[in-house]
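Next up, some structures in structure tokens.
Heads up, the next two complexes both have subunit A, just with different partners, subunit B and then subunit C.
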Partner chain A sequence: MERSIPLSVEKKAKTYLNLGLLMAVVLFCFLYLNVNVGDIVTALPNLVGFLVDNFMPPNFTNLGVYMGAVMDTILFAIVGTYISAFLAFTFGILMSEAMMPNPWVRGLVRFFISFLRNIPVLIWASLLIFVFGIGNMVGLIALILATVGFLSRSYAESINEIAGSKLESLRASGAGWWQILFHGLIPEFIPSWMNWTLFSFEINIRASAILGTVGAGGLGILIQTNLNMRNFTEAAALIVILVAMVLLTEAAVSLLRKRLSIGGH
Partner chain B sequence: MMAEQKIPLELPKEKISRMAVGIILLLVFVLSTHFLDLNVATFVSRLENFPRIAGLFMRLNPEAFRPGIEQLILSVALGVCGLAIGGGVSFILAFLGADNLAPHPLFSVIIKGFVSLIRAIPNLVLILMIVASMGMGNTAGVLGLTLSSIGFLTRAFISTIEDQDTAIIETLQATGASKVQIIIHGFFPNVLPAFLAWISIRMESSVAESISLGVIGVGGIGMLVSRSIRQHDHPTVSTLIVIIFTAMFILEMSLNRVKKNRT
Partner chain C sequence: MTTPLLSIKGLQKSYGGKKMVLKGMDAEIFHGEFIVVIGPSGAGKSTFIRCINRMVDPSEGELLFDGQDLAKLKGKKLRVARSKVGMIFQHYNLIGRTNVIKNVLHGRLGQIPFYKSALGLYTSEEKSMAFHLLTKLGLGEHIYKKASALSGGQMQRVGIARAMMQQPKLLLADEPIASLDPKSAQVVMDQIHAITKENNLTCIMNLHQVEVAKNYATRIIGIKDGKIVYDDVPAKLTNEMIDYIYEGKEEEMGQPATGVEPVKGEFSYGA
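And then the complex of A and B:
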């Protein structure tokens, strides 16, 4: 008599229950939105057809004008990354158990950072524009708010990892807080600091395109305007430039990582 | 008598190179700030209004809770649908595109190229292109979120599959297992925890992106935020911000456990 031996027998019932629950949630979402998967599948060829008909060939006649915006986008990303890296390092120290013994300060900073991180960038940008009006300062601040939220948490995790082993011995030898910071923490922290900061530069290049859509400068605002005015071939040229910029940044950053041999994250 | 001698903590040469790096970094910052031509003066003059406006935000509007939460459910649903379709597509693309499993090397090259192209276009630009083609609406929103989910998940899944030990494939091949059997019994059990972790990470950004899409008019709680901003309805804006933060915070906390499995 042939009998098949199951390859796994662990907790089948519980797995099926979780899976069923998940399926129910997904199904509910589709029904709630009144969206069906068939529409999405048929929309895709239409979309590609529309893009080919209207966006091709990209119109690069205003390239000179675009270069200014490209420059702005890069400068926004550089300045944004610098300021966020500095702020995030301060917040990271205030959030880490090793460097900040006071649990109240830690908790308060953690809450503040979580608040920054959990409100999407575009919501921050719209709020800032509402309060301060349109301008490149507002774009820069929105960029910084978004990056600080993400960087502070990453920095704090790295600081805690370092602190676990290295800083105890310094403390035992009688080093003060500032001595521990400058001679113990910072030298050890530099590789992961560079790694996360380069990563956030990549994100910032992308994000400055997002900020443009709410009027905060860079390439994004040109893309938004041209799409709204249905100048699709010009929009296509701008999107090509943006994609090239993002890919170049990625390549440059990964080259830099290899040179500095700090590995991925 | 013993002379007091100080031992320097770092060599003079190291000190010089460190200072050089510091000066270069500072120079880049100063020059970039200079060329960016920030309108600081205007900003500072508007900063005077800040305490007054901040005061206006210090109230909540209890009546905004109900519509806010209804629209939040819409935003979350958009995020879930985009993630569900995107996750399914990425699953298939990843098994076809991973170096160690691709039916033909060309599959791997094409899939990876397509995915890095999608990743290079910011999600919002992608959505604007979709909206230009098919107009605003839930389908446009889901399609946009699907594409950006595919961009993130396919790459993540592929890196997980490529990290698997090739010994598994060889052992199973030796026992005479077919390609499909190798994938189902050799790969699924090993990669599933990591896949779930990637999906949870993407879940957070999918919902965040969906809320952002609202701001440009796709629908959901983001749209309520931009509408209340236009109507200068400060208490409603504050209420919506509180709802968004609470929801994102709960999402983050509840997904933390699954996210740890990422390898």
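And then the complex of A and C:
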């Protein structure tokens, strides 16, 4: 007897229901926000026209000045990531169940770190400007706060993974906390430490470019000022430089990963 | 009768006060014994062995070892006591990015202060002991290799060297051959057996291969559902008793030893 064999045992009705719900949510958003998709589509030619008319060709006459800002931006990202990597390692240990048996300390650090992490870097910068005034310092501190928030949690997860089994042998030999940290955890942690840190460096290059828009120095502040002064061709040049800088650092980081042979995530 | 090296009295372990894993165990372990603990997975073998060096904290009971109750120790005293008990693990638990000789020297960590180990200030006696252990175990050429670059069997031999580096009074081994191929398993079992015999060292080992247990043990302890149901010489371990120990989990004892007949004298202990 011939019997047709279904390719899937999942209910078709359920799939359609999920799809319908998803569309309903999107539709509701458009209606609630009073956004007309048609307007977006018809505005597109105008947008392209405006960009071509005003931004082309990019004006690179002040390249020397821009390169200084590029340098600032990259150095921000490097220094910010560097300092964060050490701070976050300390917090990561204090947050991990395997290395920090005291649940109160762990909980407190966890709360503090999640507080840091959930405030976007631009908000941090805007807040810090009131304390330190406009300048490079603000950008750096904002970057560090956000990066510590991100890295601490990632580190803590890697630390727990390592500590779960491998460090048992050192504990069994009677090693103390510092010995377990130094002879077991740190050597095993180095690959994930480099991986996460390089990953956050890539994020920080972009973040440090954008920080300037709130007055915290770097490439962003030049883009912002030129836009405000309607120097569109110069702003265009800066945006091209920004994109080139991001692409170059990404290439450099992936080269570095290969050299260190630690692979991706 | 001599006094036991380790006496276990009323050992109990429950997690969160609910699930009883060890339901009251008593055993006396004497100097020079090679004890193999058998039983199906989930019976409590691993918990039992880990309670002895307090990798797992027992809920009740006494562990009299070397004149003190291990179950009551804390902090520094616990670490000193642990340093007298060597341990070999199923997954070797080496520090993969650290080289072989340093991994072996980790066996000394419980006996030297942090500043010394951190600065690599091991004594020349310690270093030559590590080297001799490795040479003896056939790893003399690999001492500067990263531990992660070794094969499973080689890693476990580093694990043996690390445990011996502690100059322990008692050796614990938790399923030391469960992750190895039959041939490596054979080598590792023979080496553990030879090294304990040579040093007149007491050993407690968990195994799930009953046949291997019979070949090496001077005494077998059978654990079933958190209780000791057999504790005697291997010769008295009947098939009925084995069936009883593995009741309901028969498929686990089916693994015929390691598939290879023991061939003694196949490996030479150089140096």
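In this text, the second predicted complex is superposed on the first by the 238 of 265 C-alpha atoms of A that agree within 3 Å, B and C clash if a C-alpha of one lies under 4 Å from a C-alpha of the other, contacts with A are read in each partner's own complex, and residues count from 1 in each chain.
Rule of thumb we're sticking to: contacts are C-beta pairs under 8 Å (C-beta built on N, C-alpha and C of every residue); 3 or more make two chains touch, one makes a residue touch a chain.
Quick caveat, the model's predicted, so the values are computed rather than measured.
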item: Which superposed partner A:H183 touches (first subunit B, second subunit C, both, neither); value: both
item: Partner chain in contact with A:V105 - subunit B first, subunit C second, else both or neither; value: neither
item: Touching partner for A:F30 - first (subunit B), second (subunit C), both, neither; value: first
item: Touching partner for A:E168 - first (subunit B), second (subunit C), both, neither; value: second
item: Contact breadth on subunit A, by residue count: subunit C or subunit B; value: B
item: Which of subunit B and subunit C A:V79 touches, first, second, both or neither; value: first
item: Partner chain(s) touched by A:M67 [first = subunit B, second = subunit C, both, neither]; value: neither
item: Subunit B versus subunit C as contact partner of A:F50, first or second or both or neither; value: first
item: Interface residues of subunit A shared between complexes with subunit B and subunit C; value: 183
item: Residue numbers on subunit A that touch subunit C, as the complex places them; value: 165-176, 178-179, 182-184, 187-188, 190-191
item: Residues of subunit A that touch subunit B when the two form their complex; value: 7-8, 25-26, 28-30, 32-35, 37, 39-40, 43-44, 46-47, 50-51, 54-55, 71-72, 75-76, 78-79, 82, 114-115, 118-123, 126-127, 130-133, 135-138, 140, 183, 206-207, 209-210, 213-214, 220, 223-224, 227, 230, 232, 239, 242-243, 246-247, 250
item: Touching residues (chain side subunit B, partner subunit A) in the complex; value: 9, 28-29, 32-33, 35-40, 42-43, 46-47, 49-50, 53-54, 73-74, 76-78, 80-81, 84-85, 116-117, 120-125, 128-130, 132-134, 138-139, 142-143, 146, 185, 189, 208-209, 211-212, 215-216, 222, 225-226, 229, 237, 241, 244-245, 248-249, 252
item: Residues on subunit C engaged by subunit A in the complex (per definition of touch); value: 53, 55, 79-83, 85-87, 89, 91-98, 102, 106-111, 114, 117-118, 159, 162, 166
